[in-house]
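Labels A, B, C and D are assigned to the chains in the order they are written; within every chain, residues are numbered from 1.
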Amino acid sequence: MIYLDNNATTAVAPEVYEAMQPYLSKYFGNPSSPHALGRHMKHAVEDARIEVASLIGAADPKEIVFTSCGSESDNWAIRGVLATRPDKKHVVTTLVEHEAVRNVCHQLEKEGYDVTWLGVDGNGELDLEELRNALRADTALVSIMLANNETGVLFPMREIGHIVRERSGAVFHVDGVQAVGKVPIELKSCNVDLFALSGHKLHAPQGVGALYVRSGVELPSFILGGKQEEGRRAGTLAVPNIVGLGAACSLARIDGDHTLIESLRNQLEDGILEGISNAHLNGIADRTKRLPNTSSISFEHVDGQSILAHLDDKGICVSTGSACHSSSHTASPTLKAMNVPYSMAQGSIRFSVGRYNTEEEIETTLDVLPKIISKLVEMSPTAK
Amino acid sequence: MIETLKDHFLNPRNVGEADEPRFTGRAGSFVCGAAARLSVQLDESHNVTEARFKAAGCEVLIASLSILTERVRGKTTTDAALMGQHPETLAVELSVEKDKVHCVQLACDALVAAICEYSDVARNEWIGEEALICTCFFVSEQTIEREIRDKGLTTVSEVTRACNAGGGCGSCQPLIVELLEASWD
Amino acid sequence: MIYLDNNATTAVAPEVYEAMQPYLSKYFGNPSSPHALGRHMKHAVEDARIEVASLIGAADPKEIVFTSCGSESDNWAIRGVLATRPDKKHVVTTLVEHEAVRNVCHQLEKEGYDVTWLGVDGNGELDLEELRNALRADTALVSIMLANNETGVLFPMREIGHIVRERSGAVFHVDGVQAVGKVPIELKSCNVDLFALSGHKLHAPQGVGALYVRSGVELPSFILGGKQEEGRRAGTLAVPNIVGLGAACSLARIDGDHTLIESLRNQLEDGILEGISNAHLNGIADRTKRLPNTSSISFEHVDGQSILAHLDDKGICVSTGSACHSSSHTASPTLKAMNVPYSMAQGSIRFSVGRYNTEEEIETTLDVLPKIISKLVEMSPTAK
Amino acid sequence: MIETLKDHFLNPRNVGEADEPRFTGRAGSFVCGAAARLSVQLDESHNVTEARFKAAGCEVLIASLSILTERVRGKTTTDAALMGQHPETLAVELSVEKDKVHCVQLACDALVAAICEYSDVARNEWIGEEALICTCFFVSEQTIEREIRDKGLTTVSEVTRACNAGGGCGSCQPLIVELLEASWD
C-alpha cells in the first residue's frame, strides 16, 4: 500500500501509539476528579498542553484549549468571536477555505452577516491590497487559512495579521489545520488571535484538535456544560487522544525535518509534470510558497475519480481535490477560485506525501501513473 | 464495489467508436463533470452489431458503459432502448450506492440518445404508406390517432400503455404530443 | 486502587482496547476517502453504528450520529431543535439535569427563552402532573434525563415520552449518558426523538459520544463543514474511538448482566447505612427506581471533600456529588432540588460501582470508611 | 499536594477546644460550605499557650488550621494576628492552587477572629490612664489622635503606617475610623 493521501489523514505514529497505550489500559480516570487517578490524568493533559503550545509557539500553554477536531475548532472560533460582538456584522474570509470555515460563513450570510470573500489568482495567492480594502469599522472577524488543503499554497499569516491589526479592530482567526507539523509556526510573534489545529493531520489519532486562544481574547464556550478547560470547553477530556496529540506535537518538534518529505514530493511532482503531457500543476510553482508535502495536479480531459480508482487498484491512495468532497461530486471551489478550467479541474489529483513514504514508493507511482493516464486519455470523449 | 463492476472499470470493453453506419448518443453532467459518448452500428434488421463508448467519469459510469455496450450487441434497437430506460435495474444488479445511481443513469442516457438518433433518422427515411411515428414499436400515425380518438386518450403515457408507441427510445414522444394536441382541437 | 467512581468515567475494557488497537496501528485512513484504506475505515464505522443502534434499541443504525462526547450531544440536541422552530420560545427541563443540559438552558434564558424547570421531591422523583401542566402550544423542546448522574434515580422515560406526544408538538430529548450500558433501553418503542450517550461511561474511551436522532426528526448540524455523517456532523470521524464505542456497546449488550454490580452496590449501601449513624441515602430507597450501580450518601456535619481525600489516601476513588463539580465548590443543584439540608448536602459522596469491582474491595471500603467518618465527625464544629 | 499539607490533613494536630481562658474565632463560607472554629488560650503576657480547632472542609482548610494552631503556640497575640493577616504567604508555602487559596484564607480568618475576640475583651478591661485602642500594638487613643492631627491623616491605612495601630487583628479599625471622623469635625 502506497499512501499519498497524508492531507486527508495520517497514520498514528508508533511513538504516539506508545504514549497513548497506557491511557487506554492501565491508567484511567476523569481529569476533573480530585482523587489519585484523576490527578494522574490531569497531569498527562497538562503535559500535552505544553507540547502543543511549544509546537505552535504559543506564549503560554493556557492559550491551548483541546477540542474534538479541526472543524469544531473552526466553528467555535467563528461563532465565539461573533457572539462577543453582536453589533459587528461583517466577516472577511477567502474563497478557498476548508468547508469547516466556508460552510459556517455561508450560514452566516443566511443569518444576515455580510461576508467578504477574498479571491485568489491563478497561482492560488491572495491579493493583500484586496484584504486591506475589505477591512471595515464593523468587521468582527477575519478568518484566513495558513495552508490550503488542496494545493498546499501558504498564505502570509504574519503579514495578514499585521494588516488586520493595523487596519481594524477585527479578531484574526487562522485555520492552521494543514500547516501544523509541516511548517514552523510561532504564534506569539504574530498578530494571530485564534488558531485551529487537528491531531490526525500530524500522526495523532482522529478525534482530537485544539484551538489556540491568545491570552486576553474573549471567547464564549461553544459546548456548554462542566467546567473543563477552565470553563472554555465542556465535556470530559479525551485523555488518551490528548496524550496522543501531545506526543505527536513533540515528535513533530523534535523530529520535524521535512527535507526528506520535500525531496520525495519534488521527485513525484517533477516526474509527473515532465512525464505526462496533459499534467498541469495547480498552485504556485515556487515551492517555498507551498507546503513541503503537497502537489495538486490536473490531468486534462480525464476524470479524477477514475484516476483515483485506477491508482487504488494498484494500491496507491490519493485524493481528488479534497478527500472531504469525495462523497459529493461538486467541483472543487478552490480550483474554481483559481480559475482552473472545468476540463482540468475535473481531472485534479492531490498527492500528499508523509513521514512514512519512501523513494521506492514514489518510483512505483511514477511508473504506474503514466500508463493509467494514457489509458484514460484514450477513453476520453473530449481529448483528441 | 462488486467484482463485475470493478472488472469492467479496470478493463473496459468496447472503448472507441462504432463503425458506420453509426448512431451516436451523448450524456454529461455538470454536477459530477462526467461525459459519455456511446455509438452503435446497426444492420439492416435494426440489430446492433457493434456498440462502443468513450467517457471521462467515475468507475460506475465507465463500468456501466462497458456492460451496456456488451449487452446491446445483437439486440434490436427497441430492446436496446428499453435496456437504457431502466438504469435502476442495472444499478441494483451492480449494487451501486444510492449517490452513484445517477452515474448508471448517465450511461443509460447515452445509450438511449444513440437509439434516438437512429429513430429520428429512420422516421425521416420511412417511405411506407402511413407516416411512421414510433420506430421502436413500429406504430403509425393513423394507429395512434385512432387509439387517441377511440379511447379518449389525453397523455403520452396513456398512448404508450395503449399501443407501446413512445415506450422505447422516447424520440417519438414529441410527435405523440402533437397528435394529442391536434385531437383536442 | 479501589475505583468506585464509575459514573465519572470508566476504564477502557480490554475487549474495547483490543478492538481499537488495530485502528491505532495497522489500519488508518479517512473514512471519507474512496480508496481501499478509506473504505476499510468506513466499514469499521458502520459496524460500530450498528452496535450502538442495537444497544439502545434504535429502529435503524442511520439514527445514530457520532459526536465527541455527551456534552456535545446534549448541546447539539437542544440548539438544533430550537433552530428549526424559531417561533417557539418555551423549553421544559428539570432542576436536576447534568450541566451539559442545565447550562445550555441557563444560556437560553439569557437569550430570551422561557424555561420551565421541573422540580423533584425528596426522593429525587418528578411529578408527572407538573410536566403535564408545563406543556404549552409554544413548547419547542422537552429535555429530561433518563438517569441522574449523582443519585442514579431513573425518570420514567416511556411515560414522559407519552405525555409529551399526547400533550404537545414538542421534541423530546433524553440525556441518557448515565443510563446506557446500565439499564435496558429500547428507543424504537418510546416516544423519544433525541437521545444522548457518551462512550467513556461504558468502558469505551473518552472522546466519543453519539446522538440518536429519530428518523424524520429534523436537526441542523451543530458543527458545520464536510459532509461526514450524511451532513449531520462535520469533522473527520474519530475511527479508533468509534470502533471502541461499538465494541463497548457490543460488550454491554452481550455481557450486560448487572446482577453482580447491583449486589456489590447493595452490599456497600447497606453496610454504610447500617454501620454509620450519620449516613443518609440521597434518592429513593426503592432500588428498582435507581441505576444498579449508584449510591449517593450524605454524612451529616462532615465535608465531602475531606471524606474524598481520606478515602483517596487509602486508595479508594469516589466523587463528591458529581465529579464535574470538583473544581468548583458550589453545592450540588441536584441535592438542593431534593431539599437535602445544607449540612447534609455538603457531606455527600457518590459511590458508583462498575464492571471490575470485587466483593473484597467493597469489604475494604466498609472497613475503612467508618473510621474516616468518625474521625471527621470528631473534628466537626457543628456535630456535638 | 505537597507532603506537609497532606500530613497535616491526614493527621491534624490540635483538634478540639483550647482550655480557659479561651478566645474563639469562627469562619465559614457559603460557597464551599466549609466551617472552621479556632480557639486560643493565652497566658498573662498575651502569649498563646494553646490553640485548637474544629472544622468541616477540604484538605487545605484542615491542613492550614493544623499548621496555624501549631505555629501560633508561644507567639504573642500580635504575631498570631499578623500570621493570620497573610494567608497568601501560607498558600505559597504550601503550593496551594489558585482556586484553593480561599480555603487558606478561611483558616487564617478563624485565627484572626479569635485574636479579635481577645482584643475586644482586653480593650474593654483596660484600666490604664489613656484609653487603649489597638491592643495588638498597644496604641492609645491620644497617640492616634496626635498622629492624625499632626500628620493630617485621613485613612485607617495611613494611621497604621504611622503608628501600627490597626495592623494586627484589625479589631480596632472601627474605632480608628471614629477617631478619623471626629478629627474632621
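Criterion: contacts are C-beta pairs under 8 Å (C-beta built on N, C-alpha and C of every residue); 3 or more make two chains touch, one makes a residue touch a chain.
Since the model is a prediction, treat every value here as computed from it, not as a measurement.
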(message) As a test of understanding: of all chains, whose mean C-alpha position lies farthest from that of subunit C?
(response) B
(message) Measuring centre to centre with CA averages, how many angstrom lie between subunit A and subunit D?
(response) 58
(request) Return the distance between the CA-based centres of subunit A and subunit C, expressed in whole Å. (result) 34
(message) Between subunit B and subunit D, what distance separates the C-alpha centroids? Give it in angstrom.
(response) 99
(message) Among all residues of subunit C, which ones touch two or more of the remaining chains?
(response) 305, 309, 327
(message) Where in subunit D do residues touch at least two different other chains?
(response) none
(request) Specify the contact topology among the chains shown, as one of line, ring, star, complete or other. (result) line
(message) For this structure, enumerate the chain pairs that meet the touch criterion.
(response) A-B, A-C, C-D
(message) Under the definition above, what is the set of subunit C residues touching subunit D in their complex?
(response) 301-303, 305-306, 309-310, 313, 327, 329-331, 342, 345-347, 376, 378-382
(request) Would you tell me which residues of subunit D are touching subunit C in their complex? (result) 6, 9-10, 12, 15, 26, 29, 31-37, 54-59, 62, 99
(message) Taking the touch rule as given, give the residues of subunit A at its contact with subunit C in the complex, in rising order.
(response) 1, 3, 5, 8-12, 14, 17, 20, 24-25, 28-30, 32-38, 67-72, 74-75, 98-101, 103-104, 107, 198, 200, 205-208, 222-228, 234-241, 305, 308-309, 311-312, 315, 317-319, 323-324, 326-328
